[in-house]
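What follows are several structures.
In what follows, chain A forms one complex with chain B and a second complex with chain C.
Now for the complex of A and B:
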């Protein structure tokens, strides 16, 4: 049963990661693949706070989210002031640099990883309760991002993606919007990191590297960028597929490379055959109901 | 009378190409100034300099007496500067209505904290902007296509949407870059009327246009630009009657 719980937890966490990453790369158009480093920051901050100072876990997870949110500004503010293209390089540098740094920091476990992270809920209410918590938070995340992107902020991100110069000429500050969305997306990833740490109770720097980046990117691309359910489906498919492969009882020498090839193969396949992903995004942004006003003309255009 | 936009000694060159050669220019409230000149004269570049899209090599620009030096484009817009683009630059992923909704100087959701924690204020701002957009769409005859995608409407209508979007700013100074290029029929009259109405409300307007008839019908005054220089200023009639300018214009 633990095996099934683990898969469910992973699905929930990757739904959170993929959805928040889609907010950054899809909705806001910010090219960065360093999302997992904010997942890592959330995990480490929460683990250390609860382990060292005995902070209650829910609070430490929240602090992990805030930590990731603030850390994101360290990358985005200097990078985005230069140009949007700079973010990709700056964020990968930040990701790999921080991982190396963590490996040499013995206070946080070094390369061997951080062990004995306090658990949460499981002792009192069983593993099921934690599964429910993670899946519920995944649901909340998906709904929150849908709410944000279908509201006036989503309209603004859409226009900014379409034409940033015309957008600025209307009085909108593109840099600030990018910094803010990058921070929100990173903060959400940080919360997911805390949730991870207090379930598996062990984290190590290497698990938050480029492999993780490509996994999250694949989920968003395969599922469909800028859709509510795309990242959810992407996360589920990409979590389940490796499990399905293990059923074939292949020797480990084949199994390992096969799973690695899966991400690459899927991304290539989708880029060529179905670049819009399983769920294609609509090419016209439509806000949610109350935003559209009571005008009669609202409905006609949709048909 | 003090001018709304005051340009002094503005210079800019790209490599060897001089697009602004110590330009002095004033736009007055309520007046429509036509900017005439051949292709490559530097008309669009002048707009880009005023809007902060391109940084000047020298010179000063003031809007209502305030210097615009070093300010980013979005701040100039918030001070009451609005423009349209020669190549439209509408937002293709948004409906006509939503293109306009982004136009107010202060947008409902400029600040993410407000979006998250002050939903009532956002709703009020949205409602206000929507009323304003409806009003402008009505005046420009775009109401029937308010919910259409901008790719699905005629080119003339797209130009009109560009003007309408700029109007959302409630600007002090409005720069129109070839609003009539490719426009014919009733849209012509609609744009004319829209621009006259805005000027009547005290806005300073500058129109770049190759359509001489349009400029003559619309503008209080004209300026002739050539190779980054303002060569003449006067009534549009005078300018187009000047054989020297006509020669420069047609490059004969």
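Now for the complex of A and C:
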């Protein structure tokens, strides 16, 4: 059953990652693809704290989240002040630079990776308990992000994303929102990292590179940006598909290329045929953003 | 949210069905897993290694399999990525119910080690050489000599057989460079020699004159170079330009035809290692390489690695055959016991292999030297 458990755990983790990434790139419009590095920071911080200083795992996972949250400011504060596009470059630089740095720190395993990370829950309550924990946290994340984006904070994000100048003319601080949303998204990714580390008990710097970035981005794009369930569906589909293919009993000479083509093909298909993703965000296909915004502010005025 | 849960339970059902059919298929055949990168950056090597293993399984079944029962191989992609590797190995264990699986690339080997140990399934690492692989747990074994084996052989050979008393060590400043340089220094000193210069160069360096001049000043009788395939030829070329003519030893990384093509006369007196017998050492290897040229139209990428992959099914088949004869169920636990009981295996393309208590293997190291513009066999060290 380990196979099913690990699939469910991966689905849970990627639901958390894709949803929090959608918060950053979709809802807030911050073009950064360095999400996995915050996943990595969470994983490393949590693993090191519990391994070296014997900190209880739940606490270390939380510290991992806080670590990722704080680290995000290192990218967002300097970069956001300049302009949006710089964030993309700064974030990739941060991601690749940190991976390179991690490879040279012997204390955290270096390029060879960190082994023997303490496990959590599994010994006492079985693997099922961890699956439940991860899926529950995935659910909480999705609900939290829905609450965040559908409330007043979400309206603020939408307004800022769609017209930053107009937004700042209303007396709002756009940079503060960007930094805050970036930190929230990164912190959530950090918690996912801790959850990964204590189940699979091995992490290495290279696994958090650009391939991981493109995987999470694909999940968000395929599922549908700026929707609550889009990233969830994207994560499920993209986690399951490669597994389902292996059940067709294809020879390796076909299986390999097919797995490779799948992702590329999927991205191309969605780019040309359905750029809005499986679940389109409401304002995209209606194309009437101002009206929706007006509706919201109308409600606010009444209340 | 209801949609979300609905999806998941259907998937769970489908997987459960697949699990039950997988369990039934096992009785008339013996299965093992092979988790290799079929896609991604390492695929050129991974695919050739899979092909080698496929040929080996074919050969074994042609010769009667496991006492008349078929040997089956389940191949899955790892992309040389820990996460993908975890999924593949979990699938092999849960769905295909393998008792043993073969994998490579140290990231994957380490990532799946907890799974092997928890499920009591034997993991055979074939090709990763990071020294900490021997400490991954009770169920993780390697059929490939780990990094320090050939460095030790070179150091001992230099001190004892070549009679060198003063050595210089020049190494790249990264994890493997530092690790291997330390092993060389310790071994050479223990064998009665003296390390007169111990110099590192930066990973991105293109000019090595500084450390090389220091080495020249120390006047060593032999130099050990621990670098990467990329910059090693340049280091050797610059050393020769500076008038350093003493023999230069290195490891298996530089053992390729390209080095001679790039360096010409400067390659003379360069000694490298190989962890598998070459074409001139064994007629079987020659036959194997000829088959590549005939069937695929080229030599395999990373020949020694494919030799090890070719031999992995043979080792597994030998253990299964022994279990089958004794009528013991082919579980991971029994497989491990039987493998350690047999201990020594004679394999077609890589020769004899002996499992040690400390989860490493002892293999002879083949030393090769450039002589008159050709790699020629110098010595076989160990066993």
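Keep in mind that, in the parts below, the second predicted complex is superposed on the first by the 277 of 303 C-alpha atoms of A that agree within 3 Å, B and C clash if a C-alpha of one lies under 4 Å from a C-alpha of the other, contacts with A are read in each partner's own complex, and residues count from 1 in each chain.
In the analysis below, a residue touches a chain if its C-beta (ideal position, glycine included) is under 8 Å from a C-beta of that chain, and two chains touch if they have at least 3 such contacts.
Note that this is a predicted model, so its numbers are computed, not measured.
Student: Kindly classify A:54 by the partners it touches after superposition: chain B alone (first), chain C alone (second), both, or neither?
Tutor: The answer is neither, since A:54 touches no partner chain.
Student: Looking at the overlay, what does A:247 touch: chain B (first), chain C (second), both, or neither?
Tutor: The answer is second: A:247 touches chain C but not chain B.
Student: Between chain B (first) and chain C (second), which, if any, makes contact with A:180: first, second, both or neither?
Tutor: In the superposed model, A:180 contacts chain B only, not chain C.
Student: With the two complexes superposed on chain A, say which partner A:257 touches: chain B (first), chain C (second), both, or neither.
Tutor: The second partner, chain C, only.
Student: Counting only touches as set out at the top, which of chain B and chain C does A:156 meet: first, second, both, neither?
Tutor: Touch partner of A:156: chain B, not chain C.
Student: With the two complexes superposed on chain A, say which partner A:167 touches: chain B (first), chain C (second), both, or neither.
Tutor: It touches chain B, and chain C stays clear.
Student: Could you pull out which residues of chain A sit against chain B in one structure and against chain C in the other?
Tutor: Chain A residues touching both partners: none found.
Student: Within the complex, which stretch of chain A touches chain B?
Tutor: Residue positions touching the partner: 148, 151-153, 155-156, 158-159, 161-163, 165-174, 177, 180-181, 184, 283-287, 290-291, 293, 295, 297-298, 300-302.
Student: Would you mind writing out the residues of chain C in touch with chain A in their complex?
Tutor: 1, 3-4, 7-8, 11-12, 15-16, 18-19, 38-40, 43, 47, 50, 54, 75-77, 81-84, 86-88, 90-91, 93-95, 106-107, 110-111, 113-115, 118-119, 130, 132, 136, 174-175
Student: Can you list the chain B residues touching chain A in their complex?
Tutor: Those residues of chain B that touch chain A are 51, 53, 72-75, 77-78, 82-83, 85, 89-95, 98-99, 101-110, 112, 115, 122-123, 126-127, 130, 134, 143-144, 146-149, 165, 168-169.
Student: For the complex, which residues does chain A have touching chain C?
Tutor: On the chain A side, the touching residues are 1-4, 6-8, 10-11, 103-104, 106, 110-113, 115, 119, 139, 142, 200-204, 206-207, 211, 229, 232, 236, 240, 242-243, 246-247, 252-253, 255-257, 259-260.
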